[in-house]
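Quick heads-up: structures coming right below.
The following pair of complexes shares a single chain, chain A, combined with chain B in the former and chain C in the latter.
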Partner chain A sequence: MSAGSRARADRRLVDAGVAVISAVLIVWTIVPLYNMVRVSLQDKDDVFSSSVFPTTSTLKAFQTAFHESYWLLANFWGQMATSFYIGITVAFLTLAIGTLTSFTISRMRIRQGWMLTNAALLTYMIPMSFLAIPFYSIMGKYGLTDNPLAVIAVEVTFATPYAIFIFKQYGASIPHELDEAARIDGASPPQIFFRIYLPLMAPALVAIGTYALLLSWNEYLYAFLLLSSDSNITVPVGLGKFLNSDEAPWNYLMAAAIIYALPPMAIYYTFRRKMNSGLTMGGVKG
Partner chain B sequence: MALTTTIDNAALTPVVSRRTRRPRLAGADRLWALAFATPYAAVFFAFVLYPVGYGLWLGSDPASYLQLFADPVFPSAIVNTLIYLLVAVNLKLVLALLLSGLFMRKGRWMKTLLLLFILPWAVPGIPSFISIHWMLNSQWGLINNAIWELFQTDGPPWLDNSTLALSSVIYAHIWKWLPFWTIIFLAGRMAIPRDLYEAAEVDGASRISRFIHITFPLMASLYFVCTLLSTIWALGDFNSVRFVSGGGPALSTHVLATLGIRNAFELGNPALGMATVLSALPLLIPLVILLMRQLKKGEVEL
Partner chain C sequence: MTRLSRRHTIAGMSALTAAATFKPRPAKAAEPVTVWWTQGYYEAENQAVTDAMKAWEKTSGTKVNLTIMNGPDLISKMIAAMQVGDVPDLVHAVTGDRFLVPRAAWDDKLVDLSDVVDTQKNEFHKTALDSSRFYNQALKKYSYYTVPIKCSTLMEEVWRPLIEDAGFSDNDIPKTQDAYFDFFQVVQDRLRGNGKRIYGLGYSMATKEADSGTLFHSFLVAYGGAGIVAPNGKLDIDDPAVRKAAMTALDRLTGPYKKGYVPPGAINWGDVDNNNAFFAKQIVMTPNATISIAVAQMEKPDQYYKQVITQGIPNGNDGKPVLGIVSVSPCLIPKGAKNIDGAKELLKAFIQPDNLNKYLKETRGRFLPVMMSNVKNDPYWQDPADPHRPVAVDFGLIRPTMPWWMAYNPAYSAVLSEQIWAQAEANITQKNMTPEQATEEAVSRIKAIFERFQIA
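Right after this comes the complex of A and B.
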């Protein structure tokens, strides 16, 4: 065999390998998601069928979720609204606290900056679920039982450390001469923060805002423990409640789950470039 | 979170190195700095230090540990946690490292495949885990339906057998988090200068020897940090166990995170729950120390 034909054969082998791995990856990725869609399109009586592909498809389950006409979905849109309210508030507070802290550490250069950095690093390394038990009692002491503010507080606590790292890293690219020039012109620290620092940090703000929003949208354990009344729970908690009921309305559950999964997917795919550009990878502790 | 490999470490060293040329903050500026730092300091005290201290206090009663060691579920939860960490984290990261090489290939097909491949990460965890739970139902689930269609035989009782149930949890974890770590390693690979590979190719190095002699040495510290971080997070993972196996059958697939919540809230014994969670500290503390040390070396930054 000549060197040229060997190289060709080698390349063909690699191409075949890539094709096989691609096929495996597609099946691997799709199966649980396909199952979600398949069940959501079933009629209530078809849920217990032995089919792989849907025999009859219907949007009834989506209509049920949409009109909240099943008892476990009675407050579905209210739960969506709570999830949104918590997500937006967490994103806003994370951005506010994160930028203020990173500004103090790296632009105002306070001497105790290392303490803030280490506090953030320490928080980052605590597995979130390990603090659930003390948090439950503490929120009671703070008078935040069954209050979305309790969940917001927890999620801001666990989202800010990462925000501070990213802001510090991103802020390092903003020249310090800008601050010094503004300072000579008599600008106060808040003016520098709002007029110079924040505008230049815009890309990092988008990335971290998305990260915090997704983190809280996906969070289950704390929302489950800290919120109890039907009007206060978030969607994942509502979905979890299906599993405790004796009925098995899997089609309703999956339809509601798909509606709930759409906003983060839309956000994710819209901001994908910003999030992948080495700036942030978002939603890890979900 | 993001991990990027860079030579200089912007995240950790400047705090120290810049201190020398740091001008003293004058009166009003000092107050502003204090005001700006207050919100985070308040969050840290109210929602980190206080709960940590309270948790340690809750879990400081020796009686809880005696009760815990007497509980037959506890040893199996320890074993499950270790298996879960060792198998799920390592299998996932090895696959992610290999797959990141696949996605380095050029062309539109790879870009499209990557978009599809990251779906499990973009979809919230709870719906996916619930779907996996139902998909693995031995009587009505998609998987056993497919096995019946293909082979005319009953599939295994995925969630009714403790080994299979734990494997299912591990599968769910890998399915959910593989895309994330693949993208981290993809970013790591992209940071490796191309001419290293070109030079190796000129010298006639094979694909495998290029991986062993170039890719892996340059990615080793990133890979190590990822292993530590992923282990810490998997140790606190509640959702995949709760929703895929629910700790069952017969409490045989609980891990420390889920058993702690069960003991605290389902059995109504917060001290026992906290003792369960704290029994992971002998594992968690060395991991955190190793990770801190690795991050301070500065080859990998958060």
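Right after this comes the complex of A and C.
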């Protein structure tokens, strides 16, 4: 066999290997999602059937979730509103605190600013779950238990250090000459922040905003611990109640979970391009 | 126009002040009572407690802030709440008798509810009362730190059509411990011979939640291990009879698992998962802490009346009845509650025999009453037309029963929380330990735990 044909055979072998691994990975990733959809399309009595395809597809579970016509979904849209309120507020506060801090540290060049960035990152040394009881205690002292503000405060605390880090790294790619030119033209620091810094940080803002929103959107531990009443809990905590129910209607649970997954998916695909550039450029100094 | 003089102004202000002072004010509303209640398995259970709270709000004029959350979550939240001192006024925790109350009472974190219990002391079933007394290490005494609301003992749920498919009838099901559970292995063999992919036994064997503990301890008692903790709180695990019972229980639970008569996933089942496996007809029978499996089928008369069989625990191998371990779902008031008086008043009203009976009936009788008068005076509980409820009443309230050992020594609550016996099962099924080795390891851990809970 000539060297050329051997190389071609090797390449075909590598391609075949890559194809097999890719296929396995795709199936591995897609099967749980497929199962989720399959169960949501089945009748309550059919969800344990071993058939790969739903025998009789129905949208009844989605209608039930939509109309809140099952007792465990009685406040589904209220919980959805709470999830939105928490997610959007966390995203907004994280962006506000993160951008102001990174601007102050990197553009106004405060002394020992690096210590602030590093100290913030140190908070990631302790897993979120380890701080649950201390946070519960603090929120109790402030009278914030069973108040969505408590979850917002916690989530902002955890999202902000990463935001500061990414903004600081991303901000380094924006030339300081722009600030100096603006300053010569008489711009004040707030003007530089709003008119130069923020517009140029748009990709990073989208990336971190989405990250903060998703962090709080998917949060279970703190939402469960800090919120109690049906009117204040978020969708993940509400759906958690299904797991305590005899003869749990998994089709309703899956339908509600799919509806809950739609907003973050929409956000992700809307801002995907900006998110990618925001997250990747954050790691490169200009 | 008349000019307003200083005198007029002062007079006017005084009149306004006087009017404000003497204006009749509404009576100051009583402080609300914050209640945390374990979520039911179905809507009727939640509705029953919501209705009861609304009724009390009307009669007392006191607002109730009711929060219903699922069982394991409620326990976790209560532990966190007691840790930081921000607690509700009244709590009903279904597995609180095992995982929450004993050690909280030991640590003096609960309000003594003897005065509440006293209002109905003659009404309560003896085992329910015995299950509500716990030891307080600070005060060096036993007292009533909970009020019993409802109770249950382990029941066996069986699919009749599957038994019949295997060529048997109800009458073929043996009545004694080993023969009873071996029978379902034969049923599995026959059903598999017919091409059915099914398991004979639905044993809960997970190192989490309550069902696996309930099952193991029922086996422990069946094999003669009821004296593992004496009523004075002393650990008697070195008693050869107890040690042998523990070993036999582990062997009899793990043996069928290893032979393939229990679904492999059973080592990870939460409390509802054996129910779900049963409904999916993945298993022929399952031991369950209540009759919830049958009750969930109440709206399907064919299943409720014809297909699901509820049986009590089998007799011992000697043919004698085995003591049923009674789990009591309690109400408690944590220390630091803002409205202890209101919570006690609510509780006193709630445990009026008629009120309690109404609540339990509205929950479809998944749990048993803790008052014998409910059973005697209301035909609902022993309705001969019902194939499930009278069986549960017989085994939980009429036949001989015993409390969980946490009532004697809170150390046993730690044994259950740490899932020591379920871990021993896992050591046998997953790490290939022998029942003897697994028992020895469990015993040494239990002894270490009891060292921390010395009762004076």
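Going forward, the second predicted complex is superposed on the first by the 270 of 286 C-alpha atoms of A that agree within 3 Å, B and C clash if a C-alpha of one lies under 4 Å from a C-alpha of the other, contacts with A are read in each partner's own complex, and residues count from 1 in each chain.
In the analysis below, contacts are C-beta pairs under 8 Å (C-beta built on N, C-alpha and C of every residue); 3 or more make two chains touch, one makes a residue touch a chain.
These numbers were taken from a predicted model, which means no experiment stands behind them.
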Fit or clash - chain C, chain B, common chain A: clash
Chain B versus chain C as contact partner of A:149, first or second or both or neither: neither
Which superposed partner A:71 touches (first chain B, second chain C, both, neither): second
Which of chain B and chain C A:119 touches, first, second, both or neither: first
Touching partner for A:198 - first (chain B), second (chain C), both, neither: neither
Touching partner for A:230 - first (chain B), second (chain C), both, neither: second
A:166 touches, of chain B and chain C: first, second, both or neither? first
First, second, both or neither for A:240, with chain B first and chain C second: both
First, second, both or neither for A:80, with chain B first and chain C second: neither
Touching partner for A:133 - first (chain B), second (chain C), both, neither: both
Chain A residues touched by each partner, larger count belonging to chain B or chain C: B
Superposed model, chain C segment overlapping chain B, candidates 3-11, 57-65, 75-83 or 111-119: 75-83
Common ground on chain A, meaning residues reached by chain C in one complex and by chain B in the other: 48, 132-133, 136-137, 225, 240, 243
In the complex, chain B residues that touch chain A: 1-4, 10-12, 14-16, 18-19, 22-23, 25, 28-30, 32-34, 36-37, 39-41, 43-44, 46-48, 50-52, 54-55, 58, 99, 102, 105, 109, 113, 115-117, 119-128, 130-135, 139-140, 142-143, 145-146, 148-149, 175, 180, 183-184, 187, 232-233, 235-239, 242-243, 246, 257, 260-261, 264-265, 270, 273-274, 277, 280, 284, 288, 291-292, 295, 301-302
Residues of chain C touching chain A in the complex: 36, 39, 41-43, 46, 65, 67-73, 76-77, 80-81, 83-86, 270, 272, 275-276, 279-280, 282, 292-293, 295-296
Residues on chain A engaged by chain C in the complex (per definition of touch): 48, 71, 132-133, 136-137, 140-141, 145-146, 224-225, 228-230, 240-241, 243-248
Chain A residues within the chain B interface of the complex: 18, 21-22, 25-26, 28-36, 38-39, 47-52, 96-98, 100-101, 103-106, 108-114, 116-117, 119-138, 153-154, 156-157, 160, 162, 164-166, 168-169, 172, 188-190, 193, 217-218, 220-221, 225, 236, 239-240, 242-243, 250, 253-254, 257-258, 260-261, 264-265, 268-269, 276, 278-286
